[in-house]
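Listed next: structures, encoded as structure tokens.
Each of the next two complexes has chain A plus one other chain: chain B in the first, chain C in the second.
Take a look at the complex of A and B:
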């Protein structure tokens, strides 16, 4: 609070007169071009480059355009394209012998001894999203959304609806929403029976996968510096949840060599729940963002995410925003690095690192600035991610991707550990691999017109 | 958009239309009807342009975008930036009394002549959202804590008057007056060197009585104060001008403060700053050397 006395007298008046005069002098050219931006359109574009060390590479341009109408309605549409190339681990263990595996295109490839078996793949994905925001009353707003995306072997169609209501002199906002997705998985080369040798594939099958979700949230303005929010999401998945290209290695109980492989198999239902706490705190000029997320599902995957960002204002509208994130998850009940040949098969098994004991650390930095003579803001973001698998019961490092962590796209090398007894517990097969390094770079441009 | 109406005064044209929440008039000291109509339409376009762009009641403009940014930075266009610069100057010069973030106080205050004042907790909660000093304004990017709102209503109308008058003055050499809801600007003397005669409305009986008359040749004139908007509390009559530092009405402000200055914006700013001085309004204006009327 400023306690100073107000300026007064002739000098003060002259200051106001000069400022008012300058403002009006500048206004006339503006008025003469009255078509000038009322600012009801916003265009948001970005290009993302994502690369995992020796693995998947993604090129993703995204364009989002939204228009605000005078009655308060907002329509927005987003188009995204992904070109994905590279290699993704199949889940098979590296072996001392040559090993064979099938690819998404139905061919057979042979992998050199000792390497992590991966599928070479190339895919394109198109996604369209639309959203309609409608103010129903001064403190009540509804949002309807639709989603469609398509890639070679996957199609997704969904819709969502939510409403938010402001109470307590608009200091508190309550939000409730629900969504439904009807997806289809159509594996290239056919749908193979789970936990089989994969030789029998049913062709032309569109395996349904349905996702129903519900969300409740509350956000509250604690002070003029501090906004906090808490939201909970429940999600039920039903249908084909198995990854059609992942396999589980069979390990010989005496030689410890990989002796074969089976297709993976997951349950056909999954119940997910997550709770997100977020906070935006305004320092004098900078803004500090904090979020903490807890997640749990009935496959017994539990995870936590800590995300910190600080937007630091520089001169002339430039800013720097460092970003730190840490993600940790426990493995699914049926996650196994490999199975022992000859032992009874479990009901479900997957060696997919994304539902393994995954950790991901992220360091990032965003720089935003304006280009002289050009409207809008340009931002450049670089991030470094490191992913690794925590070995059960120890600090040994493995590697993988995340069952709950959408960011995980990489794969993991898995090696059969030292096992000496004849009765081998599958859990004793060790994941013991170097961490995976990932880099991403994003260039974005936002403009109102 | 309703087309403006045009009426012949004794020897001038009066164009009328509605904008900025009230009646608007353009007085034109010329005879050609078509020219008069075109000029009035031009003034109407400018009034509506500024209204659409800066009204806090619309959901498709820069003010709404800023107010709904939820703490995210918003880049504004050059015209908005100039107005924010001006508002920032007024905030600084008034030591926090003039504050474009104070509009949220209207959520808890209702000046309907009744006896209702907000309870302490509600006022404290809303007051937490007031304070331009909490806003990071670095041209052209504004970053405002979540929940805060800005409202350029305190300067927008005066700005529109000056802008429309400047626009018309580029299109005609005839003298004219732009009057948007009582805030006005005259571009020069009428034919024969006569001034424009401006009546100062009785704020308690709008349209029915004139308190005063100002002869204006060139310059801006603005009045602040609205005696019909008040609450009665503990036997005291509290006007609608709020002190953003306390969240309470300024006590002892005059019913109406009229200022005559070189632009309408300057006149409006000085009359607002004077009203914020409460009983010290007249002294404040006397010190500044400006021409004024207080009622």
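Take a look at the complex of A and C:
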């Protein structure tokens, strides 16, 4: 009997504790993660230092402030500034001899023999983002977003709307969203005709580029420790999708030496689809993040992305988070390292490695900690990225060549033109994309007040 | 819509049904067992500012897009 009383007391305390937890948990939407105090402000800031080997360097401070109101509404605003300097590859092939080219702004540049031709540039970018989350009902939440960014040759204005609805005792959240961007591309030096020698440029032209996107997603709490999600996006781009500063080399068919260059030209439409599976699993103390994304578009770029992170908790609120990412894509239909001089031109051509058979590997490590006597969390993240093109005949071969059925069904101007008749065997010439090493350092500070 | 996009859409719908249906096959997580789910770290992207920075880097250096959200900033992206 003496033992029974404490047991009854313990059981009663457990029931009370469980009931209290139930009340707390029931008041908290699963998607809303409510450790922040109601009515609180959150300041999230970061500074990005980004550098590519012998190429682009970026300094980007970002500040995001948000307020959660007592009625559950949340307003957020974000400001970002980018200072961008350095050099970007033009897409032209290296040559065994000196190359002389004219930059978009009209300057003549001499490129050393064997060097990858690049354009020197510098730019500044300002970006403003706003977001309003509004609970419409206990299990229904809407989010409205607006975006504006501006740089010398590019302006982006857009909006988005999404809604999340919790079902099955709030274990499952369904999300649907739409977004629209009305962008303008205003190339420095004017807009040059695609696949031309680039000597004629139309000045002062703002080329429209419109992007419409839709998203459907579902997330589900599988267990006390495990959250999974699946989201699919469709995106339609329409307008000026050519990179105004990229060129394609003309190569002599017998000597394979560079004999000239043409401006690149891409289709004015692009339809993209992606499917993202995400998982967050809470181990005893640590948290494991996993995501896998599949992507496909009607330029015939297909890609897969694997992303793994492990947040390892240390003492006193410190943590370490290693990060591994691998990305692999097939080349666009019209990607060519160069064109044979004197042959019929294809309808579209680009030598931009970013739509080539590209691979990216990322290794990173984040260290988070609290500074004594100061509220909030500081995080330091260092990442190394390496980008390279799949070697012809190697792992990347054939990835971009499939989908004949789709070509017939898809129709459109993308597949028009005898691209292959003017394409150079990439194995026979030096690549315009040697492996690229990139380093980035991100300093972050987050505080609730 | 091309055949591939239609196939992708069908695959997506099937996958959504599979994930939504998985709730029926697993033990129900009671409200008082959602303590871990309430933590900031139990999100697909715990830091919006960090995921936004990453999206921007990869958007400008690779040929693909797509993730958790819609819209967002375009750029000239040298």
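Throughout what follows, the second predicted complex is superposed on the first by the 366 of 449 C-alpha atoms of A that agree within 3 Å, B and C clash if a C-alpha of one lies under 4 Å from a C-alpha of the other, contacts with A are read in each partner's own complex, and residues count from 1 in each chain.
Heads up, the rule we're going with is that a residue touches a chain if its C-beta (ideal position, glycine included) is under 8 Å from a C-beta of that chain, and two chains touch if they have at least 3 such contacts.
Since we're looking at a predicted model, the values are computed, not measured.
**Q** When the two structures are laid over each other on chain A, which of chain B and chain C touches more residues of chain A?
**A** C
**Q** Is A:224 in contact with chain B, with chain C, with both, or with neither (first, second, both, neither)?
**A** Once the two structures are laid over each other on A, A:224 reaches both partners.
**Q** With the two complexes superposed on chain A, say which partner A:68 touches: chain B (first), chain C (second), both, or neither.
**A** first
**Q** Scan A:376 for contacts with chain B and chain C and give back first, second, both or neither.
**A** first
**Q** Return first, second, both or neither, reflecting whether A:287 touches chain B, chain C, both chains, or no partner chain.
**A** both
**Q** Applying the touch criterion given at the start, work out whether A:169 contacts chain B, chain C, both or neither, answering first, second, both or neither.
**A** both
**Q** Let me test your reading of the model: by the given contact rule, A:191 touches which partner, first (chain B), second (chain C), both or neither?
**A** A:191 sits against neither chain B nor chain C.
**Q** Tell me which partner A:448 touches in the superposition: chain B (first), chain C (second), both or neither.
**A** It touches chain B, and chain C stays clear.
**Q** Looking at A:263, would you say it contacts chain B, chain C, both, or neither? Reply first, second, both or neither.
**A** Neither: A:263 stays clear of chain B and chain C.
**Q** Can you give me the overlap between the chain B contact set and the chain C contact set on chain A?
**A** After superposing on chain A, chain A residues 19, 21-22, 25-26, 28, 30, 34, 168-169, 171, 221, 223-225, 227, 280, 282, 287, 311, 446 contact both chain B and chain C.
**Q** Show which residues of chain C lie in contact with chain A when the two form their complex.
**A** 1-5, 8-9, 11-12, 15-16, 19-20, 22-23, 26-44, 47-50, 52-53, 57-58, 61-76, 78
**Q** Applying the document's contact rule, which stretches of chain A touch chain B when the two form their complex?
**A** 1-10, 12-13, 15-17, 19-28, 30-32, 34, 36-40, 68-73, 135, 168-171, 221, 223-227, 280, 282, 284-285, 287, 311, 313, 315-317, 319, 370, 375-377, 446, 448
**Q** Per the contact definition, I'd like the list of chain B residues that touch chain A in the complex.
**A** Those residues of chain B that touch chain A are 45-46, 49, 52-53, 58-62, 64-65, 70-71, 73, 75, 77-79, 82-83, 85-86, 89-90, 93-97, 107-108, 122, 125-126, 128-131, 133-134, 136, 138-141, 143, 145-148, 159, 162-164, 166-167, 170, 245, 261-263, 265-266, 269-270, 273, 276-277, 284, 287-290.
**Q** For a test of understanding, state which residues of chain A touch chain C in their complex under the given definition.
**A** Those residues of chain A that touch chain C are 18-19, 21-22, 25-26, 28, 30, 33-35, 44-46, 48, 50, 56, 60, 62, 64, 78, 84, 88, 119, 121, 123, 125, 127, 129, 145, 147, 149, 151, 153-154, 156, 158-160, 162, 168-169, 171-172, 177-181, 183, 185, 209, 211, 213-225, 227-235, 245, 271-278, 280, 282, 287, 289, 291, 293-298, 301, 303, 305, 311, 327, 329, 332, 354-355, 358, 360, 379, 381, 385, 387, 403, 405-406, 409-410, 438, 440, 442, 444, 446.
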